[in-house]
Amino acid sequence: MRRVLALLLLALLHATTGATAAAGIRIVDDRGVAVKLAQPPQRIVSLLPSLTETVCALDACDRLVGVDRWSNWPPPVRALPRLGGLDDVQVEALLRLRPDLVLAAVSHRTLARLEALGVRVVALEAERHADVQRVFTTVAALLGEPARGEQAWARVQQQIAQAAARVPAALHGATVYFEVASTPHAAGADSFIGQTLAALGLRNIVPPAMGPFPQLNPEFVVRARPELLVAVAREARRLAQRPGWAALPALREGRVCAVAEGPAWELLVRPGPRLGEAALALADCLAALPAPPPTTARAPLPPTASPR
Amino acid sequence: MSPPGAPTEARAGPGAAAHAPAQPRDARRARCLALLAALGGAALVLTALGLAAGSAGLSWSALQQDLADGHAAALIGQIRAPRTLGALLVGALLGLAGAIAQGVFRNPLADPFLLGSAAGASLAVVAVIAASALAGQAIAPAAAAWAERLGLVGAAYVGALGGVALTLLLARGAHQTLRLLLAGVVVGVLLGAIAELLTLLSPDALRARQAFQLGSTALLGWPALALLALGLALALPLALRSARVLDALTLGEDSAASLGLNLARWRLALVALLALCTALAVAQAGLVAFVGLVAPHLVRRLAPSAHGTLLAASALAGGVLLLAADVLARSIVAPQELPVGVVTAVLGGGYLLWLLGRGGVR
Amino acid sequence: MSPGHAPELEASDLHAGYAAQRVLHGVSARFGRGWSAIVGANGAGKTTLLRALAGLLAPAAGQVRLGGVALAALTARERGQRIAWLAQLGGPGGELGGELTVRETVALGRLPQLGPFGSPGPADDAAVAAAMQACGCADRAERPLLELSGGERQRALLARALATGAPVLLLDEPTTHLDPSHQVALVRLLRRLAATHTVVTVMHDLPLALAADRVLLLDAGGLRADAPAADPALHAAIAACFGGAVRIGWRDGCARVEPAL
């Protein structure tokens, strides 16, 4: 409902003010808080890596004056002052930067405090592709450049389509298990990672009903016998040692995408403008895997979940 | 529970005195046996349930289907069986350690994590993950490779023992109980702070720490089971040998010392035993809450007895508790899983609350 | 060591205390068969002296000898076989956290003889039964200690001390927190035991303390008086020690202690 309201408002703004930056920006963030700006912000602080990347993807990198501890892309951002993590923002350092806008995650712990100190905060969080598109639109509107938001999303779509083309035909419809943590936590079909995998023509063993990042019983994975596994390199090396996993054909035949810790993994797990790059990286990894044995007809692929 | 018609002191000879109070003694022994039998029965039932609780939840039809399909060997044999038995053994080790801790410190609220074992294990886990995350950047790849080979299990084991060793060092031995407890608190805070700092370097480490602190039996395999069984087979007899010393400690430290016991040495030995049990359990299953605290309580409430029985029964009760929590954790939201530490906290915490409500924490 | 043979416990020029605080200054005394009661104001060092005699506290200077042998030269077990300690009920040294029955508690008294791993034999069972009999708690043998009243519990704990077979019994405030009937019963018991043991008690209850054979008065860490209980000079010293708050008389072989209200 909030999303619809935000989109309606944006559409109204767009219609009345035209494509160029205009006075009087009003958006509703993901907390349902309406934020008004007289003019586009010139000093932006971002407290979430995906939001940092979004701002830079919309050509407003020079407006960033401070970022959180984990923001590290694009490279120029690393020179900016670091202001802490999810629950330990250095409020004084932040205030000293005199930002006119702070972008943060909805679950950030110090939002109320910052707002009480007079800082303008817009909280945005993306769990699915549709959310990512919405974040682009919202941030673009905030920057007074709505067209850039659409362009950024179009780029992402293009890259995803390219990636889908690179996936070997033999893997179309293959089942995949994407592990985000060794508990094990998986990326379900309902997460942005799951939607990317679906766009690449793969089927997630974790159905949408289980939520975006469920903690699984390892037996579930063994039962499902996924044809492809994706995990961080450190865990990928030890998957075969897990009780019962050594029998998985995917492990025996080496159809595991071991993603190196650090930048390569961060690329895959950030729901931001590099979603398309992530898809390409995944596709390249999958293309490099040994071909699966010819299977009897796989079940027809469900329609992809990415919005156009 | 007063003995019926006991003869007066004047008339009673030693023979009569042995016969007259037989009933209360038998009653006490009967309660102990009944508790052990009940716990043993519960363990059997829960083991069966554990073998049936899979990613389809607790379902007999699914179990029959699996047996018919011939998947039994992999699913039940390799995944569910070691996990179920592992939960029993981990719980037993924690229950035993809890009973020892409560005996050594003469405090019904003592738990096995008191002396820095939990903080040490946590720190070790974080250090290993942060090391492999920082490989090539801040630390040498060789060090990272070594850390990875040690693995999380080995690291947690070494860390738990290291935490206790640090506590003993800080307290300069086990000469004074209070100093030992204070040292344990200091070590816990210190190691916890260092772990926090390390998690700043690596978000993976943060997530790993959270998972470790919630506990899980998800990845217990047969090798882990063998280690746990060996540990328990060694620890239980050793603990039972010290039962009389623990009984003597209930009289107070001065009285125990006057009975010819070298308290400092015994305390050191008991702390070492407690540390070994805790380290083994925690390395395999993480920091499962409340099991070590609640198991001895349950036993004392249902069948109060001297430490000989209390230690063995606490081990059994701990195993049953953790297995029950594990079966619940696997079945309630199948095929998802709740962290088992959450379930033990709810069960154990709920029990303690109920105890407080009834006004009896002895 | 048979109960009839009571070796002499001797403190010579004891200086003892805790951490920075020196409590006892040069106390010397000999304890043989019979009942000696140590009295004095709070903080005079009574418990410190008793603990030093028991070997629970290492003296800063001076020595404690048992039968001519220095206590420090004995192992913990040998000490346990010769000296039995009864802690103050409810005090820091005497909590009861366990679920032991009276019999199990008294059986713990055999630890100095058996060691922590020994299994009790018929001689040990006999000693336990005899101790329970002597203290009058045999009929409550199977009841948990925590269920008994203070007086009954104290008797069970005294039986535990007796069961060690030690000829020297050191009791810290054995009558505190007991109601008068139990106090009197315990005192009578101590008198009986004094025939065969060396009994030393710390008490701040003057009428009960003066039922002993001999009384030692401690004041500010020094021994002010050491005399048989009936000695009038002792009574005067005690009254002076408490600043005239009590008057002590002796009538019909018993002390009469009156508070000077």
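As written, the chain order gives the labels A, B and C, with residue 1 at the start of each chain.
In the analysis below, a residue touches a chain if its C-beta (ideal position, glycine included) is under 8 Å from a C-beta of that chain, and two chains touch if they have at least 3 such contacts.
Just so it is clear, the structure is predicted and the values come from calculations on it, not from any experiment.
Trainee: Starting from the defined contact criterion, work out which chains touch chain A and chain B both, please.
Mentor: none
Trainee: Which chain pair racks up the highest number of C-beta contacts?
Mentor: B-C
Trainee: Which chain is most central here if centres come from C-alpha coordinates alone?
Mentor: B
Trainee: Using mean C-alpha positions as chain centres, tell me how far chain B is from chain C in Å, no decimals.
Mentor: Measuring from centre to centre gives 41 Å for this pair.
Trainee: From the C-alpha centre of chain A to that of chain C, how far is it in Å?
Mentor: From the centre of chain A to the centre of chain C is 77 Å.
Trainee: Can you check the complex and tell me which residues of chain C touch chain B?
Mentor: 51, 54-56, 75-81, 83-87, 92-101, 103-105, 108-109, 111-112, 115-117, 126, 129-130, 132-133, 136, 138-144, 146-147, 157, 160, 164
Trainee: Quick one: which bits of chain A touch chain B in the complex? Just the residue numbers, please.
Mentor: On the chain A side, the touching residues are 69-70, 85, 181-184, 210-211, 214-220, 222-223, 232, 234, 237-238, 241-244, 247, 261-262.
Trainee: Would you pull the chain B residues touching chain A in the complex into a rising list?
Mentor: Per the touch definition, chain B meets chain A at residues 54-55, 71, 74-75, 78-80, 82-83, 132-133, 135, 137, 148, 151, 200, 203-204, 207-208, 211, 216, 218-222, 330, 334-339.
Trainee: Using the touch definition up top, name the residues of chain B that touch chain C in the complex.
Mentor: Touch residues, chain B against chain C: 1-3, 6-9, 12, 14, 17-18, 20-25, 28, 106-108, 241-242, 244-245, 247-248, 250-255, 257-262, 266, 300, 304-307, 310, 362.
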